[in-house]
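Before I ask anything, let me first share the structure, which is written out below as structure tokens.
As written, the chains take the letters A, B, C and D, and residue 1 is the first residue of each chain.
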Amino acid sequence: MIPYRTALIVGAGTGLSASLARLLHRRGLAVALAARNPAKLASLAAEIQGRAYACDATQREHVMQLFEAAASDGGEPDLVVYNASYRTRGPFVELDPADVARSLAVSAFGGFLVAQEAARRMATKQNGAIFFTGASASVKGYAQSAPFAMGKFALRGLAQSLARELSPQGIHVAHFVIDGGIRSERRAPPPDKPDSLLDPDAIAATYLHVLEQPRNAWTWEVELRPWLERF
Amino acid sequence: MIPYRTALIVGAGTGLSASLARLLHRRGLAVALAARNPAKLASLAAEIQGRAYACDATQREHVMQLFEAAASDGGEPDLVVYNASYRTRGPFVELDPADVARSLAVSAFGGFLVAQEAARRMATKQNGAIFFTGASASVKGYAQSAPFAMGKFALRGLAQSLARELSPQGIHVAHFVIDGGIRSERRAPPPDKPDSLLDPDAIAATYLHVLEQPRNAWTWEVELRPWLERF
Amino acid sequence: MIPYRTALIVGAGTGLSASLARLLHRRGLAVALAARNPAKLASLAAEIQGRAYACDATQREHVMQLFEAAASDGGEPDLVVYNASYRTRGPFVELDPADVARSLAVSAFGGFLVAQEAARRMATKQNGAIFFTGASASVKGYAQSAPFAMGKFALRGLAQSLARELSPQGIHVAHFVIDGGIRSERRAPPPDKPDSLLDPDAIAATYLHVLEQPRNAWTWEVELRPWLERF
Amino acid sequence: MIPYRTALIVGAGTGLSASLARLLHRRGLAVALAARNPAKLASLAAEIQGRAYACDATQREHVMQLFEAAASDGGEPDLVVYNASYRTRGPFVELDPADVARSLAVSAFGGFLVAQEAARRMATKQNGAIFFTGASASVKGYAQSAPFAMGKFALRGLAQSLARELSPQGIHVAHFVIDGGIRSERRAPPPDKPDSLLDPDAIAATYLHVLEQPRNAWTWEVELRPWLERF
């Protein structure tokens, strides 16, 4: 049993977040979606009978308006998922500082803004869940990928700090380390390596399981990878 | 859907493993139990219509006989859970070396013996799951608790090594960090701190979820703690 | 033997960086200092016969001008230390987003800008060292301290990524986890807990040791804490 | 300045421990060596004017006799280094359980016995250092190498627990993660990859540095790897 009625997914797209939105919808939650460009979310929103909001999560005003609108349209979100990130890579000395700033802003600062607004609204009822989507780069800084490591490490620091602070207030904070590529319409595993890419539906199933955990047995971090992934 | 039909829980008792046995039984698996003293398992075994075997998991002959008997009675185990551990604590200089040896033997070496026999039998069908029960001490060595840290760190090293080696052979290896006390008949949370002890049924639900994961999205490690637990 | 002749400490102040500057000066290195407000560095600069530069490390132009000036005045820096950070704390819902942005900018983005300029200049000679000052918050996200965790986690992700990328190019990247308070003129350990604060001279000695390591035995991360510090 | 006068290296051989023995001897410490077969230590012992003792560190009586003899011959050891380990590898299902037991006994249980005897003798003077030699396998369980991971993870759990317990008693506990192969008479780096193996003298220099740290700035764990080592 899920003790929640509404969800808001920030940084929604056609991959993991679409799978998660569908799954939550099937379980009876009202699901709202937010993205910088919500046009791409139109068909998904229609499918799950939810709304898609425009929101640049790096802008505080946007985030506040998003929560205001989502709360007004469908009720205060019980579950808030921060799924946005920005990635750039290449030889360190050739990186564009603007890209690095953007990685920190989208991957981490936006997560702060969204989590803070979520926490404020959950504080009064002492109930809710804030989930963060991480990556291999959340726990390992790879060569030629410093910006993503910076953003994802920062997001993990935020999530861990929040887990320590908000758990005793009844808010479940969890961080998911997605350690591998995700299957999509444009990306399938090679025939000789079946199941070597993560199925977004399977990832969503683990998000749902963590959401269903009672407060006496909460997970704050869980990792997921395909059976053939090196780690 | 669980793709497995039979389970064997080594180091079974009345807590987490009893919850897990009941849950697996309800999901249709044939569940076998093993413990040094199986007498304590009689009523649980009757309840889940399974068998309880005597086994000192630190003795290779015992382990081999256990698997032989379990396979003969109920079929090769698809899921094998290693749940045994031995704990002693106190000022380091006062520890009894025999207790330390026992902690390593029960908490870690027995895990090796059981996992090896499980892996041998799963190798031919390239299918199966081997789960290990960890603790806070698996990832943090506490003062006055070196023996438990030694045993649990070693078990985690085993589990991580096996995850890397056996995952590509189709065997799901997972390690559960149980970070907090578990509620039992003899131990309830204080009234002012509800849900401050882990519910064994809730832990079992997470074991089950990991068991249900498809091979494209496997977790190798997950932690569980009560909402009020400091970490 | 230190194989370097010049050092540049960014985010210099009167604590750890002053100790480090003095120690490097005694070992024969030309040491340059940089801070947002270099006035506070005047006496230190005089003492070590080095220059103090004004630099807002979060601004790329400032960083480039700093390196240009330092290289012109004293030669290309062989060792670059990033020591700047910005910390704010308090209940999560009350945090000022501007402070969080500042923590990311000063603690992490400035580290990127400085490291990138350093790496560019070291690339041609395939020699040099880039050191980062971390904190307890680099590896543990504390309650009521999300901003510092975000900044310091991000800096660690940067350092780890750089260690992987730049080490094979002959550049030694190291990250120091300073896990405890540092003694200063304004802060002494309580009489009943001698040595319970880190001595900045002792920290500097470990920076120096890592600097002296030959490339066949490089440390990328080391932690330091007082004997009485809980961890 | 090293505040110690005597050292005892258990599990001494011709590699790292020989470098360490020579370095400590040059710094004025009386150094005792112990190994299962002390014959191989004869020339080293002569060189450093120390004694070589026979000791099977997995046997408590041996360990007690070793300390008794070393204390009697050269004074209570101020620094005790546990350097013994036993390694076996291969496909998991083919491992000999006796080898696994031996890996746990030599790599971990012997470390406990030696550390306990050391801690007992250091307790009265509230002064001393206990160092443990770790490996890549201390923090990462590799495929086909479960036994070494089990032993080295366990040793790390011991070291971390002791650091928490004994540091406040004035005893410096440190764990060194040697992440790479060590150069020896029989093993040199390939010509196209200079310095790609750890120099045992360089490792010893880092042990010495940690030994010299004042108690207000102690390291409990440090890692070392060659510049070209993948990690």
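Keep this in mind: a residue touches a chain if its C-beta (ideal position, glycine included) is under 8 Å from a C-beta of that chain, and two chains touch if they have at least 3 such contacts.
Fair warning: this is a prediction, and the values are worked out from it, not measured in the lab.
What is the shortest path, in steps, from chain A to chain D when you may only step between chains that touch?
2
Enumerate, in label order, the chains that touch chain B and chain D alike.
Output, common partners of chain B and chain D: nil, no chain qualifies.
Using mean Cα positions as chain centres, tell me which chain lies farthest from chain C.
Greatest centre separation from chain C goes to chain B.
Please report how many Å separate the Cα centroid of chain A from that of chain C, as a whole number.
Inter-chain centre distance comes to 32 Å.
If you average the Cα atoms of chain B and of chain C to get two centres, how far apart are those centres in Å?
44
Could you tell me which residues belong to chain C and also touch two or more other chains?
164
What residues of chain C sit close enough to touch chain D in their complex?
Residues in contact with chain D: 164, 167-168, 170, 172, 183, 195-199, 202-203, 205-206, 209, 212-228, 230-231.
Which positions of chain C touch chain A when the two form their complex?
Listed in rising order, the residues are 60, 91-93, 95, 97, 100-101, 104, 108-109, 112-113, 115-116, 119-120, 123, 137, 140-147, 149-166.
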